[in-house]
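What follows is a set of structures to go through.
Each of the next two complexes has chain A plus one more chain, namely chain B in the first and chain C in the second.
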Partner chain A sequence: MLQASASGTSARKAGRTRGHQGGRFVVYALVGLIGLALALAPFLFPDVRSQEVAARICVFIVLVASYDLLIGYTGIVSFAHTMFFGMGAYGTAIALKSMGPGFEAILIGGGAGIIAALVLALLIGLLSLRVKAIFFAMVTLAAASVMMVLASQLSDFTGGEDGITYSIPRLFSPAFELLTDAEGKALRLFGVPLNGKIALYYFVFITALVLFLALLRIVASPLGSVLQAIRENEMRAEAIGYRVVFYRTAIFCIAAGVAACAGILRAVWLKYTGPEVVLSFDIMIDILLMVVIGGMGTMLGAVIGVVLMTLAQYYLKDLMAVGAEATASLPIVPDLLNPERWLLWLGLCFILLVYFFPAGIAGTMMGKGGHK
Partner chain B sequence: MTDTNASFPARVTAGFDRFGGVLWLPVLLAIVALLLIGQPSTWATLTIAGLAMGMMIFLMASGLSLIFGLMDVLNFGHSAFVTAGAFIGATVLAWLGFWVTGSNPALNVMGLLIAITVATVFGALAGWFFERVVIRPVYQDHLRQILITVGALIVAEELVLLVWGGAPIPVPRPAALTGSFVLGGVSVEIYRIFAFLLGLAVYIAMYLVLNRTRLGLLIRAGVENREMVEALGFRIDRLFILVFMAGSALAAMGGAMWAGYQGLITAAIGSEMMILVFIVVIIGGLGSIQGSLLGAILVGLMANYVAFLMPKMALASNMLLMMTILLWRPYGLLPAVKR
Partner chain C sequence: MAPVLRLEDVHTDIGQYQILHGVSLDVPEGGVHVILGRNGAGKTTTLRTIMGLWKARRGAILFRGENISRLPTPDIAQRGIAFVPENMGIFGGLTVEENMRLATKDGRFDAERLARIHDIFPAIGQFWNKPAHALSGGQKQMLAVSRAIVERRELILIDEPTKGLAPSIIRNMIAAFREIAEETTILLVEQNFHFAKALGQTVAVIDDGGIVHRGAMAELATDVTLQSRFLSLSLEAH
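Moving on to the complex of A and B:
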């Protein structure tokens, strides 16, 4: 499996690392810049669409980084990550719908979602992580699709295909004023009213930041080293005395829990939860693309991958629409440039990337090849 | 691998295996279903539907299983061949027009066979291209295989959308194969019989090729121990292209058959079937044709029985079936490889 080229990798890695101090610096600077931009997003980009993009980036950074724990650090390929994401989101959504808008609803519903995700991850992990990696990928794929069917069929709880719309605590609504000026209106900072929308954004941002830092801490801990040992050579790790199944299951549960947390954030931000936005296989593909583009096994790559993909999703489509219009008189070109076909181009880029830069953007620049 | 590697449950059930073992599972399932359903005529209709569905799934699953068994390549893009087969089959059927919709049964069946053949040939050619361009560079590397084949799947699905559009496409079903006849109070759809017979014919052909020819011997030996076959001087990578093309062609054939069965297809047809195909491959055990057949029939029967008894549980039931079987036999029911 993965161990075949491990020895070759380490030799090459040692040779490459020295020449990559500059690249490493660039990656750190880039991630720092992105973090800063996200921290100040409500003031830098006050329009509604940019806010949406910024919040989506925050949530997905957590989601993709937790996925990187699996695919990049441990070498587990799971297709069930959106399932856990969806469980957090649906737990929160159902609680907010039935208990009314309140923090206790978020706490109880989200907590239930996280616990459900942990239990399911434990079950799947114990059941199938002891067999081949490939089996595991297939089992998770099957589990995720069953969850998707369940979500659309148990419409009494989940709202079926339509999903659930609900309201969130008043603190987060645009009508709520955090600080008021003399006239009783929301106080403005750099021309941006300090209302509940800002509070909501910072709730999402800070939670995402804390989760991301926690993930960074995990990979830097002894646990992280064991995971990488398992990735590089499972047999050797087992021989040294680490119980591979235990560690794999543990990290699968951790990743599931973090994904469920990201789901809570998504549910609270969107005020809507449905199969399309939290469960669909498209999101799983997005996560996979993001983590590979950014660089597997780097954590920081997750940040870069998410930002690139999300910007492409929101703005490349516009560009393609312009291109399709400009070439409308040509035969096939406008069809190829149709914004709905953007996944075609992304898919091609993805294949080329996996061929030529399997370490992803961050991995290539930092000389820290995820695998090969 | 020798018997020393047999897992504990396998040893416990050794005696049970002597009497046919897991091969009786579908029969057991059918008997349990008969008790639960109660009406023999309904049960018979469901059983025939389940067998027909199982045979179509078998077409799609057997290729995947062999490809994995022989070369350790897991092709997540396998469903692209199913989709392509379905759409090409539907297009050819639409082209043939009155051949298909006319009242001459011979022309009807010919039309369907032509459609299936075109789809199958396309599957083989696409399989050759896919193996050469997409998979060849990433042999021996599971992670990148999964990633690349998923990427190729995205591209292939988008291409299907580009050519055929996103709206559902109706599939004209040959007039002679529509409708049903009543046999002893049981109504039997003709298309299901046709699907079952075609699947059975493919299975028998595969069984003969694998067990009675030199080529089949090499393939089975390659599944068992690739290095040894290579060491004996056989070019197993060339063999593999053949198997890959055959597997893709079978997937396309299954897709075309399934398209005719469904009557209305969308670009999602492949990925919808893929879940069942994966479940079948896991249940049956990787690399084994018998296992795929057993798994496919189990899944087909289960899907139809449960859809009748508890419609909401249909897909979940197969998932549960897979979980149970994995707990009992972590490598599937009839694995050819124990790696």
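Moving on to the complex of A and C:
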């Protein structure tokens, strides 16, 4: 009887492992497809809105992946991630506004934003990472609120609530022709003109790709194992010889630096920086949802979470409008599918995702989470 | 010969409760030394205090003559003391290899040492790339001990390694610990007297946060009067 039970358990374990291997393959394939779609986005989806969606996805993948490094790999709950995102964006925006649209402004302003983010992260980390998680979360929430107030109050520098509008280097302007044909017009590839807008998209895409690969490298390195060990049990990690506060502070700084880089990309792409687009608490909630939907501690989940959330934010309304029109003859249904109710449906989708994928989509499919 | 570890009048509080009331103990160099005691007597607290996981309020912990009672845990670990906690202390989310690599100094394994660990605990090699949470209880315990010996240690603190393990696995553990004790000192906390008797050279019986008996294990193992005096008051002789 016992033997039968033991063999049944082994069979179930083996079955689960096979399932997770299949799930892992699906996640890799999905992320590969998303990567390919983003790489070819200007040619696959040449309209302005789609390019805005693709660029936002690239920036948010970096932002969410860096947050996953914090919450998913190290177990640090921070509400200051948008603050660091905003520092990169504001540094770039202020420099572009005051120095003019040159690459040196992006380098100097972005660099200053990254340094400011690193210094602030170091201070918060050293002062607060010794305390319990909930107190640390509160400290970061307070810091983020102070930064919001400063961005609104220091309007001479930040433009206040209105934000800052500025120009970006000419290379990134739609009027700039990267390659010209015999007639002197912008050369077209698959019908798409090779102009500054394409250059700007690939600047965002390639930088985001490099940053994401760097984050993947970190979590795949021995440092990644140390972080996971700290997340699982701080005391055990200390007993092996790891200084938990040092590692937590270092990772907090790395995540802050990467978030600031994402802020630079956002500022350059939008040509506008304001509290609502880089510092608001709504963005922080979006980041949290994206990490949870994708799967904490998977890194690849960031890609899936960002794509799903962004597509829902941009296209769910349109989809519901089509649905409402198609079901116009039915009772109640068109009313339920009224595009104004998109947040309700988004919430329902989120509840269903959490129910069916308790460790996030990538987390559940790859068999992460739930073990001791 | 000077002891590798000496506890002098160690008092430890956890919250408002005083758990250790002046523990004094010498751990000689080499071999296996055992702390016996019933549940709640202060065995685990003694090990955790040595490791710095709970700070001693009073007293000194001398490791090779240096007082380590005020050092942070990572510094104590880096001085060559390894700790195998009661609940196995592995990291379930990592693979067996990653668990082992965590305990290496520079992320690299000493091939000879690793081969020896694989000889002592064949399951470690067998499940090298498997996630640690998928191992059985005995295999998890083997992993926890293997991690403690992946680098040369001066002293290994092991907290109730036989808890919840099958007798056949306990027999393997005895052989393994004997081999490990050839190159290092083991301070073992146990409730299983037969296991402790098979391994220990010296023994200290702890009760109510203080040492009530210390001496050679052979003496306690053969003296029924001593056993009934100390073991019946503090633990069941399994």
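Note that in this section the second predicted complex is superposed on the first by the 311 of 372 C-alpha atoms of A that agree within 3 Å, B and C clash if a C-alpha of one lies under 4 Å from a C-alpha of the other, contacts with A are read in each partner's own complex, and residues count from 1 in each chain.
Throughout what follows, a residue touches a chain if its C-beta (ideal position, glycine included) is under 8 Å from a C-beta of that chain, and two chains touch if they have at least 3 such contacts.
Just so it is clear, the structure is predicted and the values come from calculations on it, not from any experiment.
Of the two partner chains, chain C is the only one that A:V226 touches; chain B does not reach it. In the overlay built on the shared chain, the residue A:F281 is in contact with chain B alone; chain C does not reach it. Once chain A of one complex is fitted onto chain A of the other, the partner contacts of A:A239 are limited to chain C, with no touch recorded for chain B. Look at A:G347: by the touch rule set out above, it reaches chain B but stays clear of chain C. In the superposition on chain A, contact of A:F356 is made with neither chain B nor chain C. Shared interface residues of chain A, touching chain B in one complex and chain C in the other, are 371-372. Contact residues of chain C toward chain A in the complex are 51, 53, 72-74, 77-78, 82-83, 85, 89, 91-94, 98, 101-103, 107, 131, 133-134, 147. Contact residues of chain A toward chain C in the complex are 13, 17, 222, 225-226, 228-229, 231-233, 235-244, 297, 368, 371-372.
Within the complex formed with chain B, the chain A residues making contact are 1-2, 4-5, 71, 75, 77, 127-128, 130-135, 137-139, 141-143, 145-146, 149-150, 153-154, 281, 285, 288, 292, 335-336, 340-341, 343-344, 346-348, 350-351, 354-355, 358, 371-372.
If you check the complex, the residues on chain B that touch chain A are 68, 74, 76, 134, 137-138, 140-144, 146-148, 150-152, 154-155, 157-159, 161-162, 166, 271, 274-275, 278-279, 281-282, 312, 315-316, 319, 322-323, 326-327, 330-331, 339.
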